[in-house]
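Given below, in the form of structure tokens, are the structures.
One chain, subunit A, links the two complexes that follow: it is found with subunit B in the first and with subunit C in the second.
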Partner chain A sequence: MNDLIEIQGLTKAYDADHVAVDHIDLKLPKGKIIGLLGPNGSGKTTLIKMMNGLLVPTEGSIRISGYEIGTETKKRVAYLPDRTYLPDGKSINSILDYFCDFYEDFSREKALEMLQSLHIDPDSKLRTLSKGMKEKVQLILVMSRKADLYVLDEPIAGVDPAARDYILRTIINNYDSEATVLISTHLIGDIEKVLDEVIFLRSGRLLLYTSVDNIREQHGKSVDAYFREVFAC
Partner chain B sequence: MAWNLDTDRPIYAQLIERIKTQIVSGKYAPGERLPSVRELAAEAAVNPNTMQKAFAELERTGLVITQRTNGRTVTEDVKLIGDIRAELAGDQVNTFFSGMRELGYTEKETSDLILRYLNDDKDSK
Partner chain C sequence: MLRKLIKYEWRETRTIGLILVGAIILATLMGVFSIYTMSLFMGDEEGILAIASGITGMFSFLAYMLIVVGTIYGILIYLSVRFYQSMYTNRGYLLHTLPVTKHQILGSKILVGTVWLYVIYLMLFLSAVLSIFSIVVAVAEPGVIPKIPDAVGAVAQFIREVWIEMFGSDEGLFLLGSHYVVSLLLLALISLPSQLLLIYGAISMGQLFKKYRALWALLFVMLFSFARVILSYIVSLVLMVGLSLGNAMLPDNELFMMHMYAFQWDATWIIGLVLSVVFYKVTHWILTRKLNMA
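Up next is the complex of A and B:
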């Protein structure tokens, strides 16, 4: 059983006319960094929310590390949502306390080490940080867990290129070969060097699941260029 | 500094070229220990799995050797390094000549141009 994630016939219909995820079958291995790519409204965030138990599928199933979505998977999945959910008025230290309470696999030392490398004072309140810094802090919290699966929803949207580099480096340096990182984004060019594999979603359906180097070999172009061709309006 | 990589060719192939060049040019000497996959991946800003794949290929060619206790080292086979250096040089020459052909130069014109270029270079010293 080498598959970390097994998705079968997964469907989410908000109503009859709005099917966000449409019968997706997909098996994802462990030890890979995988891009979840698709234009706006292709179902990326809906899929991610179902993986994290925030939405209930209309049909089909997801298993992560062999478990149905629930307490066991929440212990094993570290999730970076596409918007901030941390209380602005709290200090970083008290947020670290939360994470220590909530997650057995959270390493405070690791988080402090990364914060220090960014010269962030753990006593500072979240609201005193810039937007880019907040995004980095949230990523640090997520990557300081020792999870089976890291799910990052748009981790590089809305930050400057230098911050993007930092975020990508943090992902590369912190993931271990037993874990898988799933990154949703539409900023493909910035991220494709760190991806093993990519998933293309279109209108809630699985269009393609292959490796980055396969796309480059078969089509002689970057994933970014190929994406633009496939999804040309 | 992240390595400069082309966007339209497989990443692992470019990593192989890059490491080969570093070995034949002497940045890593024969028998020298190489940085770990993780260190090199971080330096290049690429996925460690892709770096691993590049190393697997370099091991297959014999240029890089995995020591069970001591990580990876460059081969001590100086002849092999020389052969690969010659091969890479041949690739450069090929690329150059096909570029000149595209500009409409005959081989004679190209070689004349090279000689003149080399002479100019000498004169200016």
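Up next is the complex of A and C:
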């Protein structure tokens, strides 16, 4: 069995009029970098939150490495939310302690190495860092784990081009080749070069799941150009 | 993992907890000092120092009462806000993605919260004892003070004798005495975690709504607190009626009436215990089945 993620009939309805994710069936393999693409409100973040146990599906199921969402999947999934969530009053070192305590696959050495490359003092408190720096610290925490699945929700949104390059480099250089990376974004042009596969979502429904090579061969376009064509207003 | 969660919960809460403990100690010392200064000028009602010490004493007493009330509500408000922030705001992303069960998360919060409530209430009790003791010392003649340890011993001996005389000689009375002690002990032990669980349950139920979640939580706290009082009365009534019908262990009406207060305590801790289980289950259910991190 090569599938890492199995999603069956997954639905999330906030109310009768607002179905954020609508009966999605999907199997994602190991060892790929997959782009989760779609316009705003297409259900990307809702899907990601359900994969991380932050939202409970209305219907359907998700299995990661054969486990339903719970303690076992959380041991295997490294998640970067689309927001800063770490307590501002904490020092980076104390957050490293926290991650060391709770995640067996967390490497403090790797985190310190990445922090050093950004000239971030591990003794500094989070409140002293800029928003961009905080986001980088969060990414470092996620990529310092040796997880089966990395779920990154909008990792390059709202950062300058130089920071985008750094973030993408960090992702590429630090993930295990056996692991899968799922990246949600609408800045496709920036990440296209690192993607193996893409998922297109529209209004909570699965529109397309295919390889990047397939899009280029079949449509003679980049993923970015094809995305613009599919989601043209 | 529970141990680790408890460790971090303790670390996170200890600063505020210790500040509140410090406030109680400070208030107690202030109270004792004001009682002492007032006692120095006792009997000199017209002297300026007596008036000044009287005013200082009055304000010290007021400050003491404010700090007492402040710490009682302060610790509950702090624990409630912390629960809400760490569970249902952005910070919840950290907690809910840890490889731990919801039982472990809840358990750590309830255990640490309960310990803090016990610590604060114990400190308040000791503070009250010390304040009363200070008043006794202040109003006593100077020659009496060295005799206080003997007096305390004598009072303890007196209570022991009264206990034996009242409750030790008769099986029914012994039962009554034991009833009071056990009821009071259980009430003291259960009511604090029960209050905490009621608040945690109410906050979690507030999350089921799309808007005004904090307001709903507050409404639930008031509603459940009221329901708890009503239920306690009903249960105490049922206990009394049940006992009067099965009258076997109580030979006379007077003794039955003496059991009444203990029945009310019993009803309160029984309801507290039942509601604690209910609120724990509800909170756990919301966390596992209805979690909705915005």
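The definition used in the following text is that the second predicted complex is superposed on the first by the 233 of 233 C-alpha atoms of A that agree within 3 Å, B and C clash if a C-alpha of one lies under 4 Å from a C-alpha of the other, contacts with A are read in each partner's own complex, and residues count from 1 in each chain.
What we mean here is this: a contact is a pair of C-beta atoms (placed from the backbone, for glycine too) under 8 Å apart; a residue touches a chain by one contact, two chains touch by 3 or more.
Nothing here was measured: the structure is a model prediction, and the numbers come from that model.
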| said: After the alignment on subunit A, I want to confirm one thing: do subunit B and subunit C clash, or do they fit together? | reply: fit
| query | With the two structures laid over each other on chain A, which partner does A:Tyr103 touch: subunit B (first), subunit C (second), both, or neither? | reply | second
| What is the contact status of A:Asp224 with respect to subunit B (first) and subunit C (second): first, second, both, or neither? | first
| message | With both complexes overlaid on chain A, does A:Thr84 touch subunit B (first), subunit C (second), both or neither? | response | second
| Is A:Arg169 in contact with subunit B, with subunit C, with both, or with neither (first, second, both, neither)? | first
| request: Classify the contacts of A:Lys49 with the two partner chains as first (subunit B alone), second (subunit C alone), both, or neither. | output: second
| message | Nearest 10 degrees is fine: what angle do the Cα centroids of subunit B and subunit C make about that of subunit A? | response | 160
| said: Taking the superposition on A as described, I'd like to know which of subunit B and subunit C A:Leu195 touches: first, second, both or neither. | reply: first
| query | For A:Asn2, is the partner it touches subunit B (first), subunit C (second), both, or none of the two (neither)? | reply | neither
| said: To be precise, I mean the smallest distance between any C-alpha of subunit B and any C-alpha of subunit C in the superposed model; what is it in Å? | reply: 27
| Can you pull the subunit A residues that subunit B and subunit C both touch? | none
| So in the complex, which bits of subunit B are touching subunit A? | 2, 5, 7-13, 38, 41-42, 45-50
| task | Going by the contact rule at the top, pick out the subunit A residues touching subunit B in the complex. | result | 31-33, 165, 168-169, 172-173, 177, 189, 192-196, 212-213, 216-217, 220-222, 224-225
| Can you name the residues of subunit A that touch subunit C in the complex? | 49, 52-56, 70-72, 74-75, 77, 79, 81, 83-87, 98, 101-103
| subunit A-touching residues of subunit C, taken from the complex the two chains share | 1, 4, 7-8, 90-94, 96-101, 288-293
